[in-house]
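In what follows, a single structure is set out as structure tokens and then discussed.
The chains carry the letters A, B, C, D and E, assigned in the order they are written, with residues numbered from 1 in each.
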């Protein structure tokens, strides 16, 4: 059986700086794997390399057995990988609802001709997508905000919408980069709920970067700890909590 | 309707011209024409009727010109049309005017296609491109020992309406241009052109360039020590060109098509200059200012001959009856007939003689 | 009586017709760290932006030691010694770390600026390593350090911090808490927005809760310590 | 011939470079390309003309006054017309400057009629002969001014803190506000400077091109082209772009066909951008995700 | 205060009301006013096509005047060289315009963006114009290329009224198609590319395909407008597709409201009518144009369409808001 995602000796160098150095791991469907580590450890770089936004210097990334290490971002995401961005990736001029519906783009039926002539299939597909998007917004209590432009959201609300947009299409593989930043404790709990549900019920494989250690410990099946571009530890939350190197390098004060 | 646009005391005339945009210096022609109307009106009009100009802007743009023509014809319901600088705009409105059937005297645009083949209601009241081109080429060839001729021009319909007939005339005489150059509007340097001319060593240069480019071209010729004579169009004049370049040496070999009986500051033009200044005191006078007046004289002549009972058919007939009319301003007379509507068949040329602008008939041969 | 540095009374702020703050009033005492708490979208960032002039309040007053700030342009308010670390950081992405930091001190003399720069590098050694790198190539946490460092470079009287912990690792959160302590000792006053309750209660002296555009609740941090559950229920539900 | 063409190309190119430089100064601090700049150039020239011909000033003070007046007009334009719509789409700002230019041009046409006027020379210097090669006083003067301005702006923008501020405002207006910069005034000042530079261009160009309401239009395109060739925002790039363009026009005209002079800029641009989408010296913007 | 999306946009029948009412227009016009109204229909399409690219896709592409010229010349040349009746040249003109759009999108995909794209596309238009001027044998050169207007089904095509009905039909269909496109997931994706191209790609959307789609559709719409223009003026000249035309189209987009379909109609109508009103003040057109555009930009930065939106929520358009 091949894993959902296999990362093999992956490295990314920026003119001399080894932002990511020889990292390997794999992720199964239904599993939540957290990636933690100090600032600048290379976590986001790892995500960028997997999702096609930076070109790996060496190593391989396989999605369901197929090599994707040098594919373009959209072709990788078209194969079922979705990610969030650390620094905000919403479409400010679109409404909250439309932002989420854009996440459903690939699932929405209707070819160019049907769309141009406004045929029933295309219109029905639009309505279905809107209905689904509203349902998702309701889960995070954002349905009140569905019709305001994303530019008018607060920082935390933007983050929530981005996550909803990313999970909307129920992709087989999710990469979440610090999803909890700026979320209130309540919103955090709701979000963790959704993450657990996605992996548990829908079998989505989730890779999660997060500094909020209590969340990580609660949500992750396995944890990968990175520092200075390298993997320094790997294991279950319980193992990591007691790992000496990890304590020194990262968890010291948490 | 045959009497649309006339009342007991007025005749309304649609006067189209480029009153805006980057060809607006042409509209000086329409200003001159309207000054002439006002002079006629001040003298009592024609059979008690005043000439009422309804001015419309074409901006030298075909689509705008069509709108202007339709407005004058269908909304303002003018009796006739007179004016029109810019050949492209005139060509564009031709179908509309032909359909409407009202008399149209083209008073500035030169393209022969406006009036050939003749349409029942269209009259050309200025030397056309062919007349001008022939005049240019003939003048060039009247200089003894002209063998090699070069042409420099803009790539637009205006320039081509001069250069193409000139080319045709030269070809008839067995002469192919040794060099054909382009200098586009807005260019502020003619080094490449002048250096090429220096190599080709023509005896005469035909230049179809607007005012600014003419001045730049002449300046650069001087700069690089090229003193070949240049034959320019009616789009420039000697006086203003001299003013622009600042020294006589630069323009002393420059000649222009000059369709008038006298140089611009000569005694026979003074009355016309005074007339324009009377009605438009701030108007700067250039070659364009006078060009439409000749056709105005012809119109008045025709209207006078008809008597008080005026309609369009009568005007068309009266215009066709004009033969060999000395307008007192154009160097060639106007003659119209049903199968030749290019009324002005020739044009004089002007050049500096002893430092003074002088109207010429041929190389070193003053007019009359 | 405490010495009041910033006094906000009956502050109203709206975006177009949408009212965000409706008559919020509270004081910030000199030398303390006050934390604003509230659900997402409750108007915390809006409060900070209204104080530093990015949004003009529709009514109400913001007084800094008796000087009315409401209605002034941001650069004037800045000149009064109010600096902000914004939620979106707003760095200059193509300028280097060092340039970003130095620009923070642009309004001050260059001799003191050089010293502040040294202090900043001391506080964030990671930035010293990255000093020649354009900030857009930094990791999220590193960018946050630059944002905080840049604001400190101006030697503010009042520092507004919008989620300083955003994207920072636990150790760095702790370091931020220590920096806040040092700043307080130096006499800097802080008004902070923070969702990370650990940091909020570790660093702050008092807190204020924003709800429905008003400051509804508040108190001493010490009194609430250890009872996060109750706080969460109180504040966010 | 090659030498003479090159000299002519460089002196034409210097004019393009001057326009490109003034566009760059505005662009670098406001991110706006002033598409109405041709008319600022024209207005500067006309102002100088009024002062010299109408009011009898000597050329140098007239030129300086015209430049100062255009500086003021630039500031007024920025305050009155750009500031209120600053938050809107960029394209609106571009159109605003085009419309302002249209109005300026319309006014020029209305007031000065439809003539092509001669403009007095800056300094009536006799041309210099180097062997058979001729260099006019205008050319030397223009090239000199461009060199001085390039050096001045290079120092200002690359070696001083003002330069850093300019970059800061360009990259993040909010960020600039956060560090206490009065961004609006900064923009006003940049527009003023850009307009004044345009006027420098106008005063230098008009003796060469003659004075008419449309004189700026073609220079704008050339200046814009030069700026693109060099890469947006690069001072040196815009000057080199201008010179390259001037040379290419002369060579294309002399060695290929004079009908190509007018489109040389376009051909060159398409060629260069297909190979380097951000011009010769423009940096590729890397977007951090 | 925010009404749900469904009720924010007009019900579908409202869309058809306008063209149906417009059927009566020729009853109240003379050939001159009819000519102007026909021009409004043509410029509605030009503006709409332009707006899709600069407003919705957010690319500073100035090639639309080029597409316009390509359509017009394709129609005139096909009529002249192949002897096709005008009606059959319309789809050809659309395809030629679409091909132009494809070329422009290729530049954008090559990484030429923003002002770089602006000048490349502008260069494209100027090179086309140079071609019309210098390829006299094909294009008639500077004298322009006359159209043999002929008739369809016995109706004289040089009649302004006949032209009006044809133009009304074409414009209505193309506007409807554009509205459908913009309201669909494709329209959303077009705006998404403008807002954040990287994030759009992360959702599995092939951004390059979206860019090509927007450009090609824009070219198609404007190309057809070109064929209409050729019929309208009866003769095509190179000068009709120059920079002045470009600036006016550009102004139409913004005066109407960037990226708004209603705005495209309003902008085209307003700025086609303006010069006709200004005729009363000869020589003042540039000043009027400049001042009026400046005033609109200042007073209504979101264009005339924003006025309508203030009147009623049915004028709200998807993906387009204040």
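One rule holds in what follows: a contact is a pair of C-beta atoms (placed from the backbone, for glycine too) under 8 Å apart; a residue touches a chain by one contact, two chains touch by 3 or more.
Given the structure is predicted, the values throughout are model-derived calculations rather than measurements.
Enquirer: Leave out subunit C only, then trace which of the remaining chains are still linked through touching and list those groups.
Expert: Ignoring subunit C, the remaining chains still form one piece.
Enquirer: Count the smallest number of chain-to-chain hops linking subunit B with subunit E, moving only between touching chains.
Expert: Each step joins two touching chains, and the minimum needed here is 1.
Enquirer: Could you tell me which chain lies farthest from subunit D when each chain's centre is the average position of its Cα atoms?
Expert: A
Enquirer: Compared with subunit E, which chain's mean CA position is the farthest off?
Expert: C
Enquirer: Taking each chain's centre as the mean of its CA atoms, how far is subunit A from subunit E in angstrom?
Expert: Their C-alpha centroids are separated by 41 Å.
Enquirer: If you average the CA atoms of subunit C and of subunit D, how far apart do the two points sit, in angstrom?
Expert: 43
Enquirer: So what's the Cα centroid distance for subunit B and subunit C, whole Å?
Expert: Chain centroid spacing, subunit B to subunit C, equals 75 Å.
Enquirer: Using the average of all C-alpha atoms in each chain as its centre, how far is it in Å between subunit A and subunit D?
Expert: 48
Enquirer: Among all residues of subunit C, which ones touch two or more of the remaining chains?
Expert: 18, 88, 137
Enquirer: Can you tell me which residues of subunit B touch two or more of the remaining chains?
Expert: Counting only residues that touch two or more other chains, subunit B contributes 20, 24, 155.
Enquirer: Provide the list of subunit E residues touching at least two other chains, using ranges where the numbers run on.
Expert: 134, 198, 283-286
Enquirer: Quick check: in the complex, which residue numbers of subunit C touch subunit A?
Expert: 15, 18, 38-42, 44-46, 87-88, 126, 137-142, 144-145, 162-163, 166-174, 195-197, 232, 236-237
Enquirer: Given the complex with subunit B, which residues does subunit E contribute to the contact?
Expert: Residue list for subunit E touching subunit B: 30-33, 35-36, 39, 133-134, 141-144, 158, 229, 232-235, 237, 239-240, 244, 275-276, 279, 282-286.
Enquirer: Can you tell me which positions in subunit A touch subunit C when the two form their complex?
Expert: It comes out as residues 14, 37-41, 43-45, 86-88, 152-157, 160, 178, 181-187, 211-213, 250-254.
Enquirer: Contact residues on subunit B for subunit D in the complex?
Expert: So the residues of subunit B in touch with subunit D come to 20, 22, 24-25, 27-28, 152, 155, 181-189, 191-193, 195-196, 199, 211-212, 215-216, 223-224, 240, 243-246, 282-284, 286.
Enquirer: Applying the document's contact rule, which stretches of subunit C touch subunit D when the two form their complex?
Expert: 52-54, 73-75, 78-79, 83-84, 86, 88, 90-95, 99, 102-104, 106-107, 136-137, 150-151, 154
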